[in-house]
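Each structure below appears as structure tokens.
Two complexes are shown next, each including chain A; its partner changes from chain B in the first to chain C in the second.
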Partner chain A sequence: MDWLQIFSNSLSSILSPATIGYALAALGLAVHFGYAGLLNMGIAGFMAIGAYGYAISSLSFGFPWWLAILVGLGASAIFALILGVPTLRLRGDYLAIVTIAAAEVVRLLFLTTAFDEYTGSADGLSGYQGSFRDANPIPDGIYGFGPWMYTANEWWVRIMGLVTLAIAVLVVWMLMRSPWGRVLKGIREDEDAVRALGKNAFAYKMQALVLGGVLAAAGGIVYALDRAASPGVYVTSLTFFVWTALLLGGAATVFGPLLGSLIFWVLQTFLSNFLPALVQAGVLPFMSQIQAGTLRFILVGVALMLLVIFMPQGILGNKKELTFVK
Partner chain B sequence: MRSPSPVVASPPGRLFRLIGVLIAALAAVIAVVTLTAGPAAAAEGDPYRISGNVQLDGEPLEGVRLVIDGPGGEQEVETDENGQWRVSVPEKDDYTVTLDEETLPEGIAVVDPEDDSPNEKDVTVGAGGRVTVNFFIGEGERNVTSVWDQFLQRLVQGLNFGLMLGLAAVGLSLVFGTTGISNFAHGEMVTFGAVAASFLVSAGSLALPLWIGLPLAVVLSAVLGLVLDVILWRPLRRKRVGVVQLMIVSIGLSLAMRYIYQFFIGGGTTQLPYSSAPKLAFGPVQLSWIDIASIILSILVIVGFALWLTYSRLGKATRAISDNSPLAAASGIDVDYVVRIVWIVAGGLAGLAGVLYAYYRPGIKWDMGAQVLLLMFAAVTLGGLGTAFGALIGSLIVGVLVEVSGLWIPDDLKYAGALVILIVILLFRPQGILGRRERIG
Partner chain C sequence: MSSEFPAPDEPTTAMPASPVERPKSTGLHVGDAKPGVAKIDPIIVVDGVRRTFGGLTAVDVEHLEIPRGVITALIGPNGAGKTTLFNLLTGFDKPNEGSWTFDGTSISGVPAYKVARMGQVRTFQLTKALGLLTVVENMKLGAKGQRGERFWSSLIPAAWRKQDDEIEERAMKLLAKFKLDAKSNDFAASLSGGQRKLLEMARALMSQPKLVMLDEPMAGVNPALTQSLLDHILDLKDEGMTVLFVEHDMHMVRHIADWVVVMAEGRVVAEGDPYSVMQDPAVIDAYLGAHQELDLGVVTGRYAPEGAEAAPDAEVQEKLLAAGIAELEEEEK
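Our next item is the complex of A and B:
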């Protein structure tokens, strides 16, 4: 078993666009669920709209990368508005069902052959990163050390992703310390009490939904920057994985989503290298390498159950500030 | 071995377009005579062959003009009295075959709903050196069967699907009503029925006869419901875990279960015996005996379930708990016991739905339950969360809607249509058809 390779791959995933994308999406989800108490089960839909908004406006309309990204973020904000109007007045589990349904509708719209010309249907879209890569100021070459050796393009994706993440964290951190954030947490704890104080709870929840949705779309864009945007990615499983990452780190915290995504991806990468290696070494004689690859997803499900039951506040969360109040 | 009229006409053959079908046949003969004047690149002696048939309802169409373009130049050919045509081409390469629709009889067109330009086909002359190109010719624009007949066929299919969905959805609704759990793992309970059936009756494993194997699969599914209640849901009830936490636990369970199925049965699709039974025609509606059995069985089980829920002591207790759990407990109903029964019933019904769904799709796949989970939620929400009969009505509506909407929207969007309806319903009547206002909070 090549331990060096396994650990190198696992450590390398700390800086992968997938980790950064998950962290952004989980941060958006923290705004939705952790701070506003909104049960958004459609985070994959927001990510898909971000990624496809960017990809379609790049490919079909030839927008420069910054404008295309703005289109993706704007589309996600509009999606949040459309979703919020019918659902924010309803109880939590209705919101969960509607958001998961809406995300599935979005995915099916990208999957259908009816709009093949723009969406690429089942094949998805690729090759939309040209304008973004042209803007790369880093000269060609391979930089870094240890497990973190990347090409100029890979660094460019990672640096822009990290900058976005840093700005997002700063914005969320400042907002949650502001009066706006306190009202939001108040709505999570007791909506009627906040309403009695004369606050428009609906407007606050809508603002939180839009903010979180834009963050999730940014996550979707970063996630799609080094791969193709394909409808097979934005399935409900993606939503559940982001939830796992969020609950692992701590839902009502700013740094919890970051930590959760980091642990999630390092562990995923480790297991995806380690389990098949175990099979190859003959330690797990009763399964094939493909089965060993599936095993880690079973573990995600089990981990999610155990987390919610035994540590609902997450690693960084405060037990007193439980987010499952309703 | 060559056909009677391998016509290679000269490029100004556009004249033929003006000539009627009968005259075209004559012209073909003339063209044969002037063969040597045709384009030189593609000649009689070329080694490879593209050929085909043009027929309408089994009757050959004569004098239909086709243009074959590719290496060796453009060639034109007309069908002979048997509706056949063939050309010789010099290279094994890609060719485009275009059927001139103006040479078809009036009101006839090439039909292929999959294709935007059905009269144009790209073919590759492969290793064998010959390739066949057939065009599907039909009357009118596209549809061979009338819209009304299609509607009837889809309506019956939709009822079948809706009944199957109803079996699963009543369980989901009962569980929600009695425990407050939005059970995202219900789709996996549906899959379990299908996977268990596959394990019991497939030729590769136990190969039990259907009449033992399928009921046994349903029993196993009920046992799954019991086991889940014993090891997971009851301890969580005891721990007084909140409903949102329970929902996320069910999501974790759903993930774990679906990947456990994938672990054991892999990512492919397997079939149950008789899944490709021949279709019988009832007027415009075509059904296999499996479809008919599925519909009858669903109706029987649903009626039995409805009677149980309405008249039996346990059924009444279940409804009482759905209505007001503390009040039911105070009036001497053993809530824990009833909830356990509900899990068993929900598991069994979901398992049965899984078996029927495996025939309906057809096929067994590790994520088949997750595919209908949202439709079940749509059905339950449409009917009113927590009301069993509402779930039934909702399921029938969703099932019919999904199938019938395929008449107007692309088939791969038909599930999306049902989900959009779900969202719209929540705008106007969030409590659903049979639900009450107070539940929506």
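Our next item is the complex of A and C:
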């Protein structure tokens, strides 16, 4: 077994666009669920809209990369508004049902052949990196050390992703320690009590839905920036993965989503290298290498269940809060 | 009626006498004190408000005026429609028909948060402490017009820091008054039921309202605290606020209310100052006296009482008929 390769790959994933993208999406979900109490089960839909908004406006309309990103973010904000108007008056569990359905509708719209010209239907979209890469100030070459050796383009994606993440974390952190965040947390605890104090709960929930949605779209864009936008990615299990990352780190925390995404992806990468290697070494004689690769998704599911049962506040969550979880 | 409350025939243990008996406000109404009587200076005027739940008429108030600057008690047996009336007046529920004004402005159909901003705040019968916020955060949430509560300005601490500090100072003063200051940094979820009632009331006061509507503020508050809670309510009046509160304990009502409105099965059946309302034979016999534990329906003879002792006597029945209760629906709730 090539331990060095397994560990190198695992550590390399700390800086992968997937980790950064998940961290952004999980941060958006923290705004939705952790702070505003909105049970959004359609985070994959927001990520898809970000990624496709970026890809379509690059490819079909020839927008420069920064404008294409703004289109992706703007589209997700509009999606949040459309989703929010009818659903934010619903009770929490109904919101979950509606959002899961809405995310599926979004995915199917990108998948259907009706808009093949723009969406590429089942093939998805790729080859939109040109404008973004042209803006790369880093000279060609390979940089870094240890497991983190990347090309100039790979660094460019990671740096932009990290800068976005840093800004997002700062904004959410500032918001949540402001009176605005206090109102939001109040709404999470009891919406009627907050309305009785003269706050327009609907407007706050809408703001939270849009903010979280834009963050998730940013995550979707970072995730797809150097790869492709493919409808197979934005399935419901993506939503559950982001939820796992969020709950792992701590739902009502700012750094929890980061830590959660990091652990999630390092573990995922480790298992996806380690399990097939075990099969190869003859340790798991009852399964093939491909089966071993899918085993990790089963493990993720089990981990999510154990997490919610035994550690609902997450790694960074306040233990004191747990005393009062109903 | 909950068991924490002392029985009506042992008033001495129930109500430790207030250190200073404060004078009642009188001369609030125009003409005879009958249901729907006009007030000299009403803060709330209700007209023809009706709310039904399926076949049940929960509230059916023809006309009601709440006097300004004094303490009004809203009493009536369980299910009389007091909470529903509160919900309607504060925009938490919508009536089938009817209109009402607050401070001269029509607020029928106005959403709850706008009603609160206009200076009419309420508390809930089922306390709504915001459990995973600290006590002081709960309090600060009550303050109105906070710059830091707007999305964009919340990102600029310099824009709201000073105001927030002032709000915190005010919150701590109020908490000290309500003896909750030692708990200020604990989660509200860690408070006892009575402390949550206190917190909810204090939080409502943070908005510096004109009218405070308290739905059973004493429920679950231990007897040692009730006296101070009553004093707080009397203080509100001294500070110029109007108080409307729902309460079951008649001794408390007698002690602090300047005016009493009696509801039964959705209607206002009697009004007056606490002494005359309680001397109103219909109210005494039917509701406050021997039959306190009974539903008004039993007293009106619409259905049989559980104990023979509480059998309705003809005289009481007649008086209640006179009070207009006879029109109540036949249908049993």
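Methods note: the second predicted complex is superposed on the first by the 319 of 326 C-alpha atoms of A that agree within 3 Å, B and C clash if a C-alpha of one lies under 4 Å from a C-alpha of the other, contacts with A are read in each partner's own complex, and residues count from 1 in each chain.
The working rule: a contact is a pair of C-beta atoms (placed from the backbone, for glycine too) under 8 Å apart; a residue touches a chain by one contact, two chains touch by 3 or more.
Model, not experiment: these values are computed from the prediction.
Touch criterion met: A:M174 reaches chain C, while chain B stays clear of it.
Of the two partners, chain B and chain C, it is B that touches more residues of chain A.
Once the two complexes are laid over each other on the shared chain, residue contacts for A:I298 go to chain B alone; chain C is not touched.
In the superposed pair of complexes, A:Q280 makes contact with neither chain B nor chain C.
By the touch criterion defined above, A:T87 lies against chain B but remains apart from chain C after alignment on the C-alpha atoms of chain A. Contact with neither chain B nor chain C is seen for A:S60 once the two complexes are overlaid on the shared chain. Common to the chain B and chain C interfaces on chain A are residues 324.
Note for the complex: chain C touches chain A at residues 90, 92, 111-114, 116-117, 121-124, 128-133, 137-138, 140-142, 144, 146-151, 154-155, 157, 160, 164, 187, 189-190, 200, 203-204, 206-207. If you check the complex, the residues on chain A that touch chain C are 171, 174-175, 178-183, 185-186, 188-190, 192-201, 207, 252, 320-321, 323-324.
By the touch criterion stated above, chain B contacts chain A in their complex at residues 182, 236, 239, 241-245, 247-249, 251-257, 259-260, 262-263, 266, 370, 374, 377-378, 381, 385, 410, 412-413, 415-416, 419-420, 422-424, 426-427, 430, 439-441. Here chain A touches chain B in the complex through residues 39, 85-87, 90-94, 96-98, 100-102, 104-105, 108-109, 111-114, 236-237, 240, 243-244, 247, 287, 290-291, 294-295, 297-298, 300-309, 312, 324-326, going by the rule given at the top.
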